[in-house]
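Take a look at these structures.
Each of the next two complexes has chain A plus one more chain, namely chain B in the first and chain C in the second.
And then the complex of A and B:
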């Protein structure tokens, strides 16, 4: 039983890492741009499809796919922000939501058009397939790898935001946009880069998920809802909250399947409702004004 | 821009005349058109009602609900179960809508504590909770197969009015009458003190609170009313299709009233109705040429958002106002 619990825990945590990468980008973009990007799940999906395409084009190189796929998604993010989103920053929230929603529809159908509506399931890279035995428990290598990448990205983001000048500017803008602009922050360029970074994170999540989850045009619609639950749980705009929220949801799903299979799908929402009763602004969020 | 005295009254009169003409046109459809047209118009009416329910929260109170699908599905499943149990049509549909209102009360208790983006995300997440329940609770909901073989049955009024409503044409009149009556109620509601209070909350919730409005309570009531009419729309769908599937609760269904409303324009009362007609008309047109209709629709939506922010009806009203101002 102990081994099964550990195994399920690792599976849950690795699932949490995709969610964390998507939620991190979503939260970062919301924190700085004040735009809730509905198409973030779409960017995650594009990450998986681009990685799949790159892997096929480069003769099955997983590393190439992992490097280039997310960069292509970042480029799509640039087009979204530079070409469209920046025209509606002054508009109402609903206009911004609707604009990003239009991209959800466009991405979904474009992917169907180019890759076909069927599930694709590429193989796990040879170096990361198989399992290792740790203390008598047999754990899949790829899940441990994802866990490592997720934690590394978390640390990288932390260093970037807390220890670099650009990170300082991002935090300042998130805290008080008008003051930051008054002090000379060029917000338009900053917004573009933050959006591109957020898109890259979602793309990385998608690319990482490619070898273990089946890729399908609907995959973005599912993860975006989970990511919303995660950021509501953790507090909108808080990366720490997004990480812990993702871990919580990942573990809930993993152990939910084990112990409460019928309620597994509903558990995440119940957790969210419970947190909202106690702390409506989320675990690490700032109280709404 | 000063309006000439009496022009508001004249515009109201014109609006009422237009509404009457459209209502008569809707009721004439079965006489003039075949099954296809009746089916299409029914779908437009049901989406229009769903969009109006959404816009009760959005256009008036400024709250964007992304979870109307939950109440739509709630109404549809409840009515379907009652009809399958042998209850007549009218009580099944009304009880279905009441069930949706009860569901809205339960979910609304959580959601009305929040505004703006939190409200949108919460309604979305609770909507997906309902979806998850519908999907998993196979014994009652049929799981991913949904419920099939839903009869339309008898109307359920006492005496000679208790006619069977099995044919599409009869069902058309039944649905059209209920939807038009609901629209009239919703229109009265928007002009009532309650509607004005909701608008006051949208403009400035703090100020409304200071002038003695119970903001949360008012929003809660609006949420339940919106749930009722969304549920009514769903309850009317179930006997029309004679099946219900979990897709009715999915968030992509919840997005339809949002899009219809934004296409038509949330600030004009009739906007969601026009938007529903344009949305389904466009869909009908686009699917004839390509299976990728969502792609085309996404592009149309992108253009609409960037070009006409106030929606089609808003843009039309603005154009008329400019023309009138130019003539005066």
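And then the complex of A and C:
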């Protein structure tokens, strides 16, 4: 029993990493830009499709796809922020939501036009399609790989935000936008780069899912809902909250399937509701004063 | 006229007539008598056209449009052309019901076809008497549709031209009984279809092979993007065989991930009831493991008849892809409507219902009769094993096995399924 518990936990954690990458970008963008980016699931989808296209163009190179795919999504993020979003920062929240929602629909239809409505599923790279045995249970190497990438990205973001000057500026702006501007932070340029970074993270999540999940138009719809739950649970704008929120949801999901299958669907929402009742600003969010 | 030319023309006519005979194309070739029906005949179609299962609905649309073009090119239905309208069902009950009401009340539909979700099929079926139109389901597979709605509740407006869940839950057991597997488990969708199939599979297999055991189940919600937790749960129970009714993109993801977890090395058999659908064959492509048992509601390689060959060829010419099963069932739905309306000589609901009852069709999937008692089309669909053949751009089925329809279709009075 102990073994089954541990193993299911590892599987749950690896599933949580995709969610973490998407939620990290979502949370970062909200924290600094104060925009809830509905199109974040669409960026995750674009990550998968761009990686797929790069892999096809480069003769099936997964590493090339993993490198270039998310960068292309970052470029799309730049266009979104520079061309559209910055025009609505002062507008009502509903206008921002409508604009980002429009991108969801546009992205879905664009990939349908370019790649067709069929499912794509390029083979898993040979180097990562093996498996290891953990006490008799078989765990795919890919799942270990995704765990490693998730943790590395987490560490990288931490170092970037806590130990670099640019990170300091981002944190300052997230904490108090007016004060940061008064001190000479060029917020418009900062906003663009934060959005680009957020888009890159979503694209990375999508690119990583490319060889192990079926790619299809609309694939971002399901992950975005869970990512919102994660971000609300962890606290809007908190990266630490997003990481722990994703881990929590991943584990609830995996153990829910094991022990409470009938109730599994509701677990994530129950957890969110419970946190909201006790700490409306989320586990690691900042209380609005 | 030179005798030679005459022969060619007669040959041509003979082949066309043969190919089209049962589907009612032949009267079309000879220009069906004008029935003086109102023009055009409107058919409202709904299927899943968005999200991760949207690739599936696209095949339904292609089959419907192909039938429309053929029928309209040969004089329509009794002289009236068919007009189509497509709406996204989204697999949601409220959306499906809203679509049905829109089609009839706002758009003026004469017939409704389509529907992928069992729950939507049941909900729309219930309101057909009040809408006073005929519904022909082309995919939603719950046995409650024909057994409860039509047979027990006498909702005569409901018909279905695809094999119901008997294919997934009963024909599968006829295959499973010959496999060297005693311990079975399932990973299936967490709704009506997935649960009923598993129940029928267990009930049937237990009767055919009493020493089997059912060691575990994991039901995945609609919209599952990762099956890892389901796979690890089920593999922890050490099954020898896995039965699944996942479909569309979810089947693609599940099979890919099962491969990563080395499930095919650790089990003796893996059955995917919807695994021979074209979207799954194309989606997995070279990654589809050999030897998986798969079926659907029609497979393009069966039967070896002129009707089927002609259908596959024209479909490929029109759409540049092989047909999937919703293509065949929706194509057949349109020909069933044509044949019944021409037989009834009117669009009035009651005479057309009577014409559809007992209607015989030689559809691409083979000879078929629509049972009068429960309005269910009866025809056989094979199970087979996935194999790769360089002649085809996607994996295909080999080792085809067909259970007789007399054995795997449930019959009135439909006793309850007991496990």
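Following the convention adopted for this analysis, the second predicted complex is superposed on the first by the 279 of 289 C-alpha atoms of A that agree within 3 Å, B and C clash if a C-alpha of one lies under 4 Å from a C-alpha of the other, contacts with A are read in each partner's own complex, and residues count from 1 in each chain.
In this section, contacts are C-beta pairs under 8 Å (C-beta built on N, C-alpha and C of every residue); 3 or more make two chains touch, one makes a residue touch a chain.
Treat the numbers as computed from the prediction; the structure is a model and nothing was measured.
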Which term applies to chain B and chain C once both are placed on chain A by superposition, clash or fit?
-> clash
Check the residue A:232 against both partner chains and state whether it touches chain B (first), chain C (second), both, or neither.
-> first
Chain B versus chain C as contact partner of A:93, first or second or both or neither = first
Would you check which partner chain A:108 touches, where first means chain B only, second means chain C only, and both and neither mean what they say?
-> both
Report for A:142: first if it touches chain B alone, second if chain C alone, otherwise both or neither.
-> second
Check whether A:265 is in contact with chain B, with chain C, with both or with neither, and answer first, second, both or neither.
-> both
Check whether A:81 is in contact with chain B, with chain C, with both or with neither, and answer first, second, both or neither.
-> neither
Mind working out whether A:276 is in touch with chain B, chain C, both or neither, as first, second, both or neither?
-> first
So, A:221: does it touch chain B (first), chain C (second), both, or neither?
-> both
After superposing on chain A, which stretch of chain B overlaps chain C: 238-246, 274-282 or 292-300?
-> 238-246
Which residues form the common part of the chain A surface touched by chain B and by chain C?
-> 108, 112, 221, 265
Would you pull the chain A residues touching chain C in the complex into a rising list?
-> 4, 7-8, 11-12, 14-15, 18, 108, 112, 116-121, 123-124, 129, 131, 137-140, 142-143, 209, 212-214, 216-219, 221-223, 253-254, 257-258, 261, 264-265
Can you check the complex and tell me which residues of chain A touch chain B?
-> 30, 36, 84, 87-88, 91-95, 97-99, 101-106, 108-110, 112-113, 221, 225, 228-229, 231-232, 236, 262-263, 265-266, 269-270, 272-273, 276-277, 280, 288
Chain C residues touching chain A in their complex are 50-55, 58, 190, 218-219, 221, 223, 225-226, 228-230, 232-233, 235-236, 248-250, 252-253, 256-257, 259-262, 266, 279-280, 282-287
In the complex of these two chains, what residues of chain B are touching chain A?
-> 58, 64, 110, 113-118, 120-122, 124-126, 128-129, 132-133, 135-136, 251-252, 255, 258-259, 262, 266, 292, 294-295, 297-299, 301-302, 305-306, 309
